[in-house]
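Labels A, B and C are assigned to the chains in the order they are written; within every chain, residues are numbered from 1.
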Amino acid sequence: MSLKGRDIVWIGDLSEEEILTVLDEAQRMVPIARGEIKSKIMDGRILASLFFEPSTRTRLSFETAMHRLGGDVITIAGQEGSSLIKGETLADTIRMAESYSDIIAIRHPKEGAARLASTFSKKPIINGGDGAGQHPTQTLLDLFTIRNNTGGFEGIQVAIAGDLKYGRTVHSLSLALGRFGAEMTFVAPDRIQMPEYIREELDKMGARYHTRDDVKKVIPDSDVLYMTRIQKERFPEEEEYMKVAGAFKIDAEALEGARKNLIVMHPLPRVDEIHHSVDRTPHAKYFEQAFNGVPVRMALLKLILEVAE
Amino acid sequence: MSLKGRDIVWIGDLSEEEILTVLDEAQRMVPIARGEIKSKIMDGRILASLFFEPSTRTRLSFETAMHRLGGDVITIAGQEGSSLIKGETLADTIRMAESYSDIIAIRHPKEGAARLASTFSKKPIINGGDGAGQHPTQTLLDLFTIRNNTGGFEGIQVAIAGDLKYGRTVHSLSLALGRFGAEMTFVAPDRIQMPEYIREELDKMGARYHTRDDVKKVIPDSDVLYMTRIQKERFPEEEEYMKVAGAFKIDAEALEGARKNLIVMHPLPRVDEIHHSVDRTPHAKYFEQAFNGVPVRMALLKLILEVAE
Amino acid sequence: MSLKGRDIVWIGDLSEEEILTVLDEAQRMVPIARGEIKSKIMDGRILASLFFEPSTRTRLSFETAMHRLGGDVITIAGQEGSSLIKGETLADTIRMAESYSDIIAIRHPKEGAARLASTFSKKPIINGGDGAGQHPTQTLLDLFTIRNNTGGFEGIQVAIAGDLKYGRTVHSLSLALGRFGAEMTFVAPDRIQMPEYIREELDKMGARYHTRDDVKKVIPDSDVLYMTRIQKERFPEEEEYMKVAGAFKIDAEALEGARKNLIVMHPLPRVDEIHHSVDRTPHAKYFEQAFNGVPVRMALLKLILEVAE
């Protein structure tokens, strides 16, 4: 098994064995990501960090990953990224970037952009999120955070809450967790529950899952609580949104009946889904999760460019 | 005395001894800042350069400081910085940045932002200016420039001109110069003279100072002339502004009666306070002052991260 | 002959011998530009990449050039660059940049800005394009691409098509090709043909050239077809533009009668001058041309900073 030269456009590009290889490699990367150990394995290599829409957390963690490994970065971000979209074709931009770099991380507002990019690029493409589409490095860092805290996936209870209909990253996460044997509870208002086609996929692989509509009620039986944002805009009437919103916000008090080892996760940025009082509890793992973006992306860079240590 | 792990939010975070330590270290950094000697003491380390409002001079001098020491930089600037302010909380942004870096330089439009950031960050924070608030690295590079040109602070005559009411950097500079025994002349229209609470502080430490309202008249007796911009907006009527503005602009001719060693400083950018004819005189030190931002910030990076050479 | 410390503001700053020296050096840089060989000759050096207007291709190739040689980069781009233009004078911005770096690449919307910058900077300035003015590194990479594919300039047939009146880069290219003995055909609508003063220059040096008004007709007899964009705005009436536009667009079919070794070039970004069907033909060299920006700029950095290998 080798990831050398591979594009990572969606999590399905990786077999279960390959995912575990990435997580294992990421584990070894942690002290380098923390700056405790130095690495030069990317010396002389260049990451093109192409952000056609803002995603500061993803961009900076990719760039830190490259720097911690001794590599360099060229960046398109902000205004420049947005105007490039309106200018030349993605194909031409990608061909430029691939000739100036060794590997490309791309974030794009249009679903399918990363896949399209990969067809034009001879250099490996890592999808940093494409609109309502895929975000495989998010799924990998989510899995990494869960495994690091629970010890494994088999049989753990994972509650996934928030906008489960439009939030594609929770689709990828659910499918991955299903493959690894976790039991899931999808917590969302009916209007934005996990779509039928994802449930069918889960059924096919024999994954166990339940649906609920109040976060607070699933807390006591969960090992992992994965919160996401519910956007007001998903509801035709503000009134309807107000009716359900409260059931998808948690604070320290709401966690009082939780298992001692419950971990609370969130892809960030958060708005008001998780009250700041949770930050001080031992359950809060969303900042650790954000940090984990670095070792996970380091692992991908290393495995894809297959550089010797 | 050690600055290891310290936040530098305002100049008061540093004792007089510590300030002198920074200036001495900065002196040793000059040939590295000029690129004449190479250093790798920051090899593998990352500076997060977070500019939530534009300040190109400060940003680039921080980034050059890190690069000249062999370190890497991740940057938030421009549009991205401004929109982050509207998005997630500063606390969450800072927690992200600290997990991707070893030290953070922050520039923010809101007074107090850097102090707030320091309470959330386990990594050291250097304030690169917070709105109408503090800008300690500016004070340090000002002190460095003065000492390098005058040989010391005790008894030198420093005229500080321009907007002394709202310009907080001149407050910090005045307090620091007072502590080190310089004699100051505050030159400003009454409306924007040095505030009472700063004068009281200076009185308490026994510092000597005077107030005047015409730059040209103080030039003959000064060793240092520190110019700042007077903003039209500080005056209720344009007419009133026009009446005083002329007294706060200098050109080469105005310097004819100056002491041979008078140095003219300005934090830059300038508008029309200093005519370009001054640039060609030996008095002009504002470009040297801008350069000094590099060795001073290098010194801080080294002392705070306490890396061995 | 030495380029040490030289400003490169327009191609006329370089003698023919110097141009060939740059092209030869660029040739040696290719494997480093590709990442196949590592170089550290710029270790500890800093390029200030000042983009006061967007030009992603030029900016990223300068930055990659510096990184591939082991150097660092500080960047002004996007919104920050545009607002700097409105703020302080170019002179003050340049003096800042020169004190934070070893060499400056500048892109500016105003013609003459790079020349002006060079008068203020003690550090070498490389012009990355100034408005309707000069863009010498584009000319160098164009020459490099042509020579690499044709083996030399003497007697080759170069068709240059598109907006030849306002496109100053084609003026520089034509004059350079004329000096090196290429025979040129200028293909443009009358309204935007090669200006008289350029033709006079070519006449003076005894260069051979022709004028035509339909790209397709010159293809069979060309070794190089250099396409540029025709802007609708150059024509008083859209109708007039529509009448001629078709004669300045090519697709794979249009190349069927071409010489086997014809190369098609374009400075990019393209709009619809070159149909994507051309990309798959062996004639398409515009992506290679974009890549060549890296070794050519590496060569300039090395020769100007005259660093030992």
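Just so it is clear, contacts are C-beta pairs under 8 Å (C-beta built on N, C-alpha and C of every residue); 3 or more make two chains touch, one makes a residue touch a chain.
Keep in mind that this is a model prediction, so the values were computed, not measured.
S.K.: Quick one: superpose chain B on chain C by CA and send over the rotation angle as a multiple of 5°.
M.R.: Copies differ by a rotation of 120 degrees.
S.K.: Answer with same or different: of all residue numbers used at the interface between chain A and chain B, are over half used by both copies?
M.R.: Homomeric contact, different residues on each side for the most part.
S.K.: Taking each chain's centre as the mean of its CA atoms, how far is chain A from chain B in angstrom?
M.R.: Chain A and chain B have C-alpha centres separated by 41 Å.
S.K.: Using the touch rule from the top of the page, what residues of chain C touch 2 or more other chains?
M.R.: 77-79
S.K.: Considering the complex alone, what residue numbers of chain A touch chain C?
M.R.: Chain A residues touching chain C: 43-46, 48, 72, 74, 76-80, 83-84, 87-88, 91-93, 95-97, 99-102.
S.K.: Which part of chain B faces chain C closely enough to touch in the complex?
M.R.: That would be residues 35, 38-39, 54, 56-57, 60-61, 63-64, 67-68, 70, 77-79, 268-271, 276, 287, 290-291, 294 of chain B.
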